[in-house]
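Listed after this line are the structures, all set down as structure tokens.
Shared between the two complexes below is chain A, which has chain B as its partner in the first and chain C in the second.
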Partner chain A sequence: MNERRPYRRPMPGNWWAKPPYRAYTARELSGVAVAAYGGVLFAGLLSLSRGPESWAGFVDFLKSPASLLLHVLLLAAVIFHVITWFQTLPKTMPKMIVNGEAVPPKKITRIATIFAGAMSLALVFFVLGAAQ
Partner chain B sequence: MTFSTREIQKRSISPIFWLLFGAGGMLSALFGPALILITGILAPTGTGLPENFLSYDAALAFARNPLGKLVLLALIALFFWHGAERVFLTLKDMKAGSSLVLKLGTYGVAALVSVATILLLLAIGF
Partner chain C sequence: MSEPVNAESAVLQKTFELRILRYTPGRDEEPAFGSFQVTGAEGMTVLEALQTIKDTLDGTLSYRWSCRMAVCGSCGMMINGTPRLACSTLLRDLPPGPVTVEPLQNFPIERDLVISVDAFVKKIESVYPYLIPKEQKTVAEGPHLQTPAQMAAYESFSDCINCMLCYAACPQFGENPDFIGPGAMAMLQRYNGDSRDGGRQKRLDTIHGEDGVWSCTAVGICSEVCPKQVDPANAVNQNKTNSAFDFFLRFLRTEQPQ
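For the complex of A and B:
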């Protein structure tokens, strides 16, 4: 009779696909897109190490419609990652205090997201400029 | 503050995974969209970039440059560690398998890819 029998609230197996958890699941799975792009880079490095013919095969893949579609989807998923990453940032970083007042989380998110967008834009323009 | 040996032994290595996850997340948040746009869309379609941008010689020169090697290692390894941490924690919460299986399928893959990337970068030479 002394056995401990705590109440366990029943939880459906697909809780992660239902609101409000769905948003967290989507955010976490954006990490798959980040890793997938790492996989594209790894495939490129592997074919580069195998010589010119292998590299040409990789470039042909990059030029294929399937690859272009993949990269458009990856781009969308990584932009989603950028937005959610900086929404989370104020919760994971130490409290930021300027002039004795805590900076509101939304302000941190806004400034960091704009900064990240500027970094990506700067990289694109740098590469386009340097390649000319 | 002092720690007994037992406390030191009990310390988790998860902060290391957390650090790699954060580094990969920040790197991809700052430069991910630009990199995907450049290597996946602009370069293959020849938009704004010259023909030789994707040439074997140009790619080889980049991978032989020490700074280029560092960039490639950081991108590939950290992106995989970032994805590994997120997928591991998500699948763990979904109770999709035993902890060992999930770790092998996520951290294990990231570790393998990291080692393989280092070996490939060394094999390509300087």
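For the complex of A and C:
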């Protein structure tokens, strides 16, 4: 009865699919969408370097319903990634001390998210303006 | 004039069901759940329920506890699957129905709700958990002064009570028991972030590699379950940056690893 025999419980293989870890898994998976969109942009660059015909083919692909659907899905995933990425940001940086007090993580998240949103909007308006 | 209140009836009594994971080494092959009905004050904590069980139903029930007020860090356990301190968890705040009580996840079970803490204590010891003064001063030269801003840089990390809830919440510690983990990293940052301390390089040398900070994938639940808002995830992740810088700038440093 007094012997020592520590019992190690096995780690469930699907821990990442269950709450509270599911949110983490979704955050990390949305990074794949960022890479996928990078792939789309790279394909465009590649077709541009191959000449006008290749570029026209790429533009036709962008106009197809499948591509529009893909872009809607990718946009949603990237926005999710941006939001969750900035939620993680305060955990990855040294403590920010302003006027002798640590800045609360939520404040860092809020300011960074608003800044990223404003920069994205500014970029959209810049590109739209340049296109005209 | 109001009626005198009977002290006995003033406390609302309620019956709770606890499902507790039991394990006795040498007798049980593996842990199994045992069920207990506990009647007590409506506002009783999980720890009080365990004490009632030990007093009146089964004296062999084993668990750790000490202060009953969430400062000693002894009574961490999985309550309905979440790592919590039993002394600060009120039964009435949990969803109705049986309450599941298990030993902390990711740790070897010694007996019932008692887990092995040896490896955790070794990890705490490995990060030089004490102030290594930057400059030696005699008593006549006075104390090492610190501004409130310098204190704010490490203060939250000094609130850690070593309850190990963060380890129970960390899936990467579950996958790799040698991972230094959130609690020991909070301890490390408590001293590395201290303006009076000069042991930064010594501590950084203990946390490179897969068993150091690099097992962490920023899951972040360690900070969510922390009963003292220590934010251990912050301690781990800002030291990934420090570890990376240390790798790339290793040729420039003056102090060599031991």
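Assorted remarks:
To be clear about the criterion, the second predicted complex is superposed on the first by the 125 of 132 C-alpha atoms of A that agree within 3 Å, B and C clash if a C-alpha of one lies under 4 Å from a C-alpha of the other, contacts with A are read in each partner's own complex, and residues count from 1 in each chain.
Here, a contact is a pair of C-beta atoms (placed from the backbone, for glycine too) under 8 Å apart; a residue touches a chain by one contact, two chains touch by 3 or more.
No experiment lies behind these values; they were computed from the predicted model shown.
In the superposed model, B is the one of chain B and chain C that contacts more residues of chain A.
In the superposed model, A:Trp16 makes contact with both chain B and chain C. Of the two partner chains placed by the overlay, only chain B lies in contact with A:Lys63; chain C stays clear of it. Legend: residue contacts after superposition of the two complexes on their common chain; A:Tyr7 is shown touching chain C, with no touch to chain B.
Once chain A of one complex is fitted onto chain A of the other, the partner contacts of A:Ala35 are limited to chain B, with no touch recorded for chain C. By the document's definition of touching, of the two partners only chain B reaches A:Val82; chain C does not. Across the two superposed structures, the residue set of chain A contacted by chain B and also by chain C is 16, 28, 92. Within the complex formed with chain C, the chain A residues making contact are 1-9, 11, 15-16, 20-21, 24, 28, 88, 90-95, 97, 99-102, 105. Taken together, the chain C residues at the contact with chain A in this complex read 23-27, 30-31, 105-106, 108-110, 116, 147-149, 152-156, 171, 174-175, 193, 217-221, 223-224, 231, 233-234, 237-238, 240-241. Those residues of chain A that touch chain B in the complex are listed here as 16, 25, 28-32, 34-42, 44-46, 48-49, 52, 55-56, 59, 62-63, 67-68, 70-72, 74-75, 78-79, 81-82, 85-86, 92, 116, 119-121, 123-124, 127-128, 131-132.
Those residues of chain B that touch chain A in the shared complex are 22, 24-26, 28-45, 48-50, 53-54, 56, 59-60, 63, 72, 75-80, 82-87, 89-90, 93-94, 110, 113, 116-117, 120-121, 123-124.
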